[in-house]
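What follows is a single structure, and I will ask about it in a moment.
The letters A, B, C and D name the chains in turn, as written, and every chain counts its residues from 1.
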């Protein structure tokens, strides 16, 4: 039963990432990263890839990866969530999951393992698994548009699901190809960057013509990866709020000593603990190929999303006025929680997957 | 705009009923009433009819009624809700509304105005308006069964909606007729009594063969009457809880001084106030024949039901251990709120009526 | 409800509705918390004032039309229904003006009210201080009596509109010896007075809806004190009651938003969200009916009192829930900035400002339900 | 999860599952809080004990099989999945036994544990007093030292199972001079001892799940004191931690109830309620996974500690929500008494007993989050 609790190796990995982010992704660094043209700190990303091997963890060794599992990726993502770090790891993980699932894509996987920015331009990334692609493939080229796409404007590797006469396929596109327009869109959350893509006869390489199963697996991986970010984000909001209410005094006492506030924070802790337990178990179920893995993933996603939103709302409310200033990190927690809530399907859509 | 606030006459009527119930329907009396074979205190019912004219308020003067409106009935029901009084007024109001809507039923209305126990045996009373009747009418007789029916075992006037070849009709049945079986069922709430009815070729008098509109109006009146009971029940639970938490000491201070509890009771008050405002406005809209009356009724019902349930849950929780003893009234508030929640449709069913 | 408005009330409503239909700008004005938007909103106030719609409840001689409370709420409902611009003058006309009417001298009323009605003078409130938050009684900014007036020193924060407004108003501690809420005085002052520094605060949406104010020996003449020196707490409490009460948040705003939400649902109905959508509509409607009930009571004489706290809790939490539901409905569109995401971020300040909802719940519990106060400074374990 | 149980664990599970399948009564036993039902449940305990399933985690010599914590949770999951009867012995085996193991003498262990394992002796807890409620430290019942033992006086309430049980256990104040939680002693006593009066309390569902106990000079020999005299608070706290922790509410119970709820939904699906149904299932599943995580940690050594409060809050509120959803699904059937309405009424006591959820939230806030305590008896406005 040891897989229900992170191992010592997982704990050490988490510490290593946290130490790095403490130094390189504090509040000031996050704000600087947001302002960069890429929307993230490219130096930090290089360090994450070189020192931690973040992008390579779940990629098989024969394709230049570390040959670990999604569990190790989960550990890194939870820390990135906690630090509110802008990062291309989520689309990278999703894209490599698609390629591993499709099979035989060594060269692309090697580039991703090395840190190339990769993304999957599919509305399933911001919605439920049964969302159709808005792109079609004919005569070897792609037509249509899709938005919003995670890191869509800066991706060096770009996969696009598209309809064709025989079903839904998965294609690879040169991000610099003629006919492809990529436009950064102003997101609700400045720490997660999106772009809109239009494809006007863009030449495409076939990865897999019958990609329905590949996309289902990819959606599952994306869902689980998002729960990691949500758990980290919720933990950050809770920590920040507990610290603040211990220090802030009103009516001659720390506001954290007021029982109504204590009970609300206690409820948040309960939610965060349950989220983490559910998310970790779902990741382990996926890694072990358990038959109920997709149900556990949907359950965890519905719960982690709502729990992170609840923490974020209280983070704002219990910080009071300073929460709604740009200088304070409380609003970043809120925007991150809200943005994550939509990824791979809203909680109610995840729940819909759990009933007949 | 005076109709959004009870008039002086309404306030005086409420006081008269409350004074009577303070004397005749205290906690001990309610428990005695529950034990009676009828399920309510017949003497108190006579007094309510004779002194207050409770059953006659909304019945036109030409049929022996007082010629007032549902607003006055609402006032009486809210007080009965507050006192948790077992009473046949709700089925009486519903039945007379059906007869008034059908027209030309002077003799039956006169008996109801005088205090005869009346009920409508229709599953719409415990469900949404579009619920079909489980009874059919052919060759002048009724066949089928319906349960649970408010005061079904003791009703002296019994109306039954039934399907026939031409649609749905409304019929009157002699409660002592052969072929009719009436069986008291053990309800969740001991202060509201129900029976199951089976009709095996019971002769029936036609009230109205095309009763769809009559039933729609009746359902609306029932919905509004239920909100009155809910508002009263919620107010009682809140009053009881506030009083208790002011007196009960723990850790050396009244538990009502603990902020977490204060905030929860503040939320309950907000809910009760909004409930009462919404319910009263919906009743007035119905009385004035406003075009949005049915929307306001559904809105009020969804809100009053949930608000009463919220108060009831906190009434139990904040009373602690004594709440779950038979001797204490807290559980009566809980059971009443739960039983009322189902009448004329659950909150989510009321909401469903408000969207396309 | 429109159940039994008087003929006069109906005529008033029709007049307002017709004027708004003809005059509300088709395009949204730029945000009032930008330089351009501020000017555009001031121009709109001028237009309202020219037609005597800017302060309908004020007496004729200071720019109003002596409208009753019922008429005022009717106007507000029509105003939001018409999608008219936000009121850049709201701090002045809703928060300060009631105090000027009650506590101002005739000279102050003449000097301050007419330019407030026309939008020529825009007022900023200076309530909070960095260390005080919800606890107004622990304000530290000082006022020192000098020849002919006072010198103000200290810092205020969360001053709404202050980035572009002309005048400010707020409480300063004029008697350092007096305890907590004694010894405060209520001042009005120009924001360009020597010694005042205005530092805009960038908000979630990137705009400067609030500012910090720094006071360095700012001179204010005696003529600009509202009420008696030392009596500022009592004077201010009437504003606080008013701010939390009917004035700031008329139901029209939420009913209009709920209608827009129904519109979003209608475009792409998701049955799993229908309950939340209807819930928002029901809550807006309940707020409208509750508020109309209160208005009816007040029209017969009476005081909003602590029930203003019920309003505040209700509308502010309804507003957040309504916008959250909208974002859920929008799905992936909600990842991208839009008027709904802006509205969502704005709604989050509702439960915080004008007395946090925690303070409001304390008021409801203690002043309406009569629950005991938290023990303070009493003997061990005894309620104080 | 069944992800990587060891072969031994799998064998243990299969053995339990097979025995339960063959032995669980097809018909529900009558309620254990009626005279007949109590006897029927005692007989069931005997049957469990004969096959050594009554106290799997105890050592062999006192009736157990020395099962590991993981095996214990496996057994509990199987037990609830099989729909086996409630445990009339639970106060003894879950609350008292851990204390007897930790603090009892060898003689006490020999005397009390085996008949507890067989169900021959059923134990009632005597925790609360009328004026104490959640505040255990303010207990007033007394124990006075006499020759060879003690005399108990006072009153206990909410004593579960006491209407039919044989023995009781609880805290009495043995040193009236000591402050609050000092000076308490832990006693075991027969419920038919001279001077004990048992008055059953009728509950919501009409049954006597609890009783009041009155003590009038009840003699208890020194041999029946658990732990040292005056050390009762510390002794009892290990029970309290245990009661709130894993032991009382194993996840199997809620997972089984959530599965039944899905069954009700399947019979008459109402899409508007699907979200609530799934939510209940998700919460039960989260509880199971969380608890398994805790079990894994404890198996490596460690203490439940304050995280037991997280379990308590979660399962008790999940249980209420699950039953409320069931009643909503049942619609008009919910007006009529049924196993679901009984379960609903029973669920309501969950957030109240074994330390109210308010107390649990205080513990979570103070002991896990490290938030400051409420001020008590300190100088004005200072946290104490």
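Assume a contact is a pair of C-beta atoms (placed from the backbone, for glycine too) under 8 Å apart; a residue touches a chain by one contact, two chains touch by 3 or more.
Worth saying up front: this structure is predicted, and the values here are computed from it rather than measured.
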Checklist entry - Any idea whether A-C or B-C has more C-beta pairs in contact? => result B-C
Checklist entry - Can you give the whole-Å distance between the Cα centres of subunit B and subunit D? => result 39
Next on the checklist: Averaging over Cα atoms per chain, report the distance between subunit A and subunit B in Å.
Outcome noted: 51
Checklist entry - Taking each residue of subunit D in turn, which ones touch at least two of the other chains? => result 272, 274-275, 358, 361, 374-376, 380-382
Checklist entry - Among the residues of subunit A, which ones contact at least 2 other chains? => result 251-252, 258-263, 348, 351-352
Next on the checklist: By the document's touch definition, which label belongs to this structure's chain graph: line, ring, star, complete, or other?
Outcome noted: complete
Next on the checklist: Touching residues of subunit A toward subunit B in the complex: what are they?
Outcome noted: 258-263
Checklist entry - What residues on subunit D touch subunit A, complex-wise? => result 1-5, 70, 262, 265-266, 269, 274-275, 277-279, 281-283, 285-287, 289-290, 292-293, 295-297, 299, 307, 310, 313-314, 358, 360-362, 364-366, 368-375, 380-383
Checklist entry - Across the complex, what residues on subunit D touch subunit C? => result 271-272, 274-275, 375-382
Item to check | Residues of subunit A defined as touching subunit C within the complex | outcome: 123, 126-127, 147-148, 185-189, 192, 194, 248, 250-252, 258, 260-261, 309, 313, 316-317, 320-321, 323-327, 331, 334-335, 338-339, 342, 346, 348-349, 351-352
Next on the checklist: Going by the contact rule set out above, which residues of subunit C touch subunit A in the complex?
Outcome noted: 128, 133-135, 138, 157-158, 201-204, 206, 210, 270, 272-273, 320, 324, 327-328, 331-332, 334-337, 341, 344-345, 348-349, 351-353, 356-358, 361, 374, 376
